[in-house]
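Next up, some structures in structure tokens.
Note that subunit A is present in both complexes that follow, paired respectively with subunit B and with subunit C.
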Partner chain A sequence: MADRLSILIAEDNAADRMLLSTIVNRQGHRALTASNGLEAVALFQAERPRLVLMDALMPVMDGFEAARRIKLLAGDALVPIIFLTSLSEDEALVRCLDAGGDDFLAKPYNRVILEAKIKAMDRLRRLQETVLHQRDLIARHNEHLLTEQRVAKAVFDKVAHSGCLSSPNIRYLQSPYALFNGDLLLAAFKPSGGMHVLLGDFTGHGLPAAIGAMPLAEVFYSMTAKGYAMADILREANAKLKRILPVGVFCCATLLNLSFQRRVLEVWNGGLPDGYLRRGEQGDLVPLVSRHLPLGVLEPTTFDDKYEVYPLETGDRVFLWSDGVLETCNVDGEAFGEERLRAVFRANQEPEKLFDEIQQAVVDFRGEAHDDISMLEVTLVEEESLNRPPQTFTDSGLMGALDWSASFEYRARTLKRFNPLPYLMQLLLDVQGLRAQAGALYTVFAELYSNALEHGVIGLDSSLKRDALGFARYYQARSERLAKLEDGYVRFHLEVQQAEDGSGRLAVRVEDSGPGFDVATALKAQPSNELLCGRGLRLISQLSSNCDWPEDGKGLRVEFVWPAQA
Partner chain B sequence: MSIVHVDATVLAALQDFMGEEYPVLLDTYLLDSEERLRMLREAQRDGDMQALRLTAHSFKGSCSNVGALHLAALCKELEEIGRRGQPDEAPTWIAQVEEEFARVKSLFQAERARFTG
Partner chain C sequence: MAITSLPSADGKELTISIQGRFDFGAHQDFRDSYERVGTTPERYVIDLKGTTYLDSSALGMLLLLRDHAGGDSAEIKLINCSPDVRKILAISNFEQLFSIQ
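Now for the complex of A and B:
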């Protein structure tokens, strides 16, 4: 019989005991009998019956004490105890319940009622069993889930923290479990100097929100390391997220490109709340407004990588936050909001304390501390003050070609959308002798290329960049002219030579389709490092071993030399 | 209200239900009851009202189960005396219980006789 139960009968009266065990056996259960409480407890320990019929008053140990001990031994499992009693006083019945009794059966016994009670108690017992089973199952699943999250977080931390968030010019606030809130914070040095910083906020919570973080971090770090520009990274990140994320999951993000040498900030904001650029002595606030849909929404063909460019001074600060800051609510359900945030900026006396003041204002507003908001501050500092780790290479570079030359010509349709620098850099960094000056190489090539493209091919006047307004106009004109570009080229001629002792030389010549320009004048006209234009050319001559140009200004020549290998 | 010494319908139901075990149940009841009576006398002799109460309670239960209704009622009185701690009252009631049990016993022995041989 499927629901045959072992049932313990504790009854000191032999006739009653016999009657009860006969009833129980006739119902298909197995009766175990004890004639006092002590026997009952011992039998319970030995046989673990499923249900107990317990006389209240027995010699040696009464039913109340036996019931208490049995309930203790049973632990979480429900072992129903039905008290057998002709006790009629309320007080005695209460004692039965207090001792752990689940029901009563009055004498004289009625077998129909006893059978019904056994069935009812067995249903309760099974229910409890199911609940316990499910509780344990849930606990195991939860443990499993937490383990998975720990592993996911550990793996992710390795990827995410390969960047430069610990750089002294960056301050940030992030929950230890931000990954599972969908918040993502990435920062990496560019090979050419400067850094890329990304604050992202994936839709949703938990694993679905975390799932896109890994590929986005991977794109961000690998492309930044290879020298790709912000627009390239944005396009690739968008395309990748669009491809892999389900509909409805996307990433609101702001990507910053800080160039310490060129003193510019490039900003692309897709769906995050306005960040702020705090500029100059006066602390003018420039909102960094979202002008795009989040990453992972648009098809690659319709994605817009257009970003804004702002000139920077040393000490200028950029603030970004996820919507957690603005949406933080107080006890009345009011959101912290834009206006309160601006008030913190207005009230601020010392810019270096702003970050703490914002954080404190949010905590004060909410009335308690929480760590579920993401916030970031990046300060423009002198690049030398940053402790930049040297670039790492996965191969030894010893297999590289040692004596070669190559020429590349990039034409109008390429110039519009393709960034040739990462490709050229990979080629050149195969030369071991050049690796020590990889940063300078990146910077110089970036300058050579933008010089050739912007001043040569599309004929922009760099003196426009004299002030902030002109700066904006310059970049506006740049994207307009590039969009209309139909003719033109930029050529790189590269020549690598290496001597037996390992010393060597890279000669680069750049030509473009522009009319040429007077380099000497350009250099002379920009004596100050603090001006916005002409800085590029000065950088080139500072960073390379040699830099010269023909009379007509067409075809800048730059040389890098390296010493014999130790 | 007439006194019911043994409820015949209870016995009929027990016989029907217990089958072959019916005479054994009767034997067990009689044997157990003799022991209860001995314990009642002992408790009275020792003036142990708690023991008197417990024994009477237990005796009452088994009497009610076999349909010895009047005996069960007498046990209940005795239980109350024990509970109230009135040793002076005990002897009269114990005597009544003994008298009633003798009657029940002879009735059960007659019932029992139907199954022997």
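Now for the complex of A and C:
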């Protein structure tokens, strides 16, 4: 016998009590005796015996009542009660079990059977003890895990929500614990105006799914803030995830680049279900199709950052969702699917209600609300309607250079793939006076650069972009010509002068290897908003302090001035 | 969900069949199906004839197999894909990594 147990014997007959005690003691256990139910309950409370032998019929309190009370006192722990009874009718035996008895033993007692039953009950008792112990262990582990998740989520929320998801042109639906479903939603203003938006879905669930979200969010926010283009961000995100995530963990994602001023949407989709661009009065639906492997699968050398470009008008809406929406099942196990989703779009009357209608349709289909789907709507609005937070910088800039000039020449092999703007911006934003107008500065540089590159170096005609078809052709021609580019340059000449009072002026001259063009005519011919081309020049002249051009049309001169410090 | 693997007579090809849902629950069985075979096959065939559903964890598992089979030099065919399964593979553009039939 491995364990000495204390066993409570409740029996009103003194001779039987003696006999039972002897058997129990001989088996190596300790016997506690009571002569009625009330005594038995009191003794149980005082001594907490492990097992009870209970006579059914006793004075003061019978065994049934005593058994009920003892079971109540014992709580979750199993204290086996073996009823001792001379009753033999089925009904009486059933009463024993109903009162909480675990077994019974008929009088007269048989020593061998009693010993065997005590052993069997002890096995059962230990099993229950193990189960309870493991239950408590699991509960503790689970609590621990939830605490860790809360901390991880709190840290992550700080990172993820540093962006502009609360912007009025964005609506989204996301579970508070989406992070641990692997879903990720990020949005940030670009320094040039417009925004980057990313919806991601990591493989799997729990911590493994959450672990890649942090580096991806960091790459997204820091590179967007520094003015990097979508392709650069995609490359970096893919390379980083590939490097740090184990094989088999990756991130299906769609990245959007919305330019409010240029009215362009750029889309890269790797592995997420088709999103939709809902365009114009008619509500034409353009599917935003996955054309790539998810982020974190391919080596940097084989990664493809090619994205699609669509013209936008004010009021156009982009919808993205994770596979949770399409895979939502009804009671029959049928998935919601694409066709039902499209039907919601077809039935829609007021586009601003679409988001709610989709959400409602999914809830109706499933029969109840659930929160493990991620969904996003971004609307193209006039940039001025957005409350853009001022850019923040970590240093004062007072120690910067006050009077300097620099020239940069970017040649063909660089122009093919490199985006010089983040570099130039970092240089210029060291000048304190320019920081207040960082957004305008970036936009103007972006326009100057694409102007010089697209119309100058590779000679594209912006009037191609007059309609949606031409628009697509334009961007196709752009990548084809860039790929074949062998000669050509874009030059930036920068000159910064600051006075002692802090006021100053930046003069920029841009030249390119193109034949030059008639700026005055181009500006006069600025098209109305309905056309998709030629917004660049007007933007430049509106956003800068001064803008002019030489006679030969080769290059533009732009000036930014800023007042004395208060 | 049931996963069985069967080497060809010459041991150069291993056919892994997946019945039912191919999702995270299949993780260990799927690994065992190619790690616990005595042979070192040159080619793998994943038979998805009986596969009713496939999720992103399954895609991850396929990538693990691809890695195991030599990464870019791996020869892995996915055969008998139902339209639903084919669609999921297409969204993730897995035809760039696997031969899908």
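The definition used in the following text is that the second predicted complex is superposed on the first by the 560 of 566 C-alpha atoms of A that agree within 3 Å, B and C clash if a C-alpha of one lies under 4 Å from a C-alpha of the other, contacts with A are read in each partner's own complex, and residues count from 1 in each chain.
One rule holds for everything that comes next: a contact is a pair of C-beta atoms (placed from the backbone, for glycine too) under 8 Å apart; a residue touches a chain by one contact, two chains touch by 3 or more.
In this text the structure is predicted, and so the values were computed from the model without any measurement.
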Superposed partners subunit B and subunit C on subunit A - clash or fit: fit
Which of subunit B and subunit C A:Val131 touches, first, second, both or neither: neither
Contacts of A:Ala42 with subunit B and subunit C, given as first, second, both or neither: neither
Partner chain in contact with A:Asp323 - subunit B first, subunit C second, else both or neither: second
Degrees between the directions from subunit A toward subunit B and toward subunit C, using C-alpha centres, nearest 10: 80
First (subunit B), second (subunit C), both or neither touched by A:Met18: first
Contacts of A:Tyr109 with subunit B and subunit C, given as first, second, both or neither: first
Which superposed partner A:Val60 touches (first subunit B, second subunit C, both, neither): neither
First, second, both or neither for A:Val297, with subunit B first and subunit C second: second
Lowest inter-chain C-alpha distance for subunit C and subunit B in the superposed arrangement, angstrom: 58
Intersection of subunit A interface sets (partners subunit B, subunit C): none
Subunit C-touching residues of subunit A, taken from the complex the two chains share: 201, 203-205, 247-250, 252, 270-273, 290-294, 297, 323
Subunit A-touching residues of subunit B, taken from the complex the two chains share: 10, 14, 17-18, 21, 24-25, 28-29, 31-33, 54, 57-62, 64-67
Complex interface listing, subunit A residues touching subunit B: 12-16, 18-19, 22-23, 26, 55, 57, 59, 84, 86-87, 107-109, 111
Complex contacts: residues of subunit C adjacent to subunit A: 24, 56-57, 59-61, 63-64, 67, 90-94, 96-97
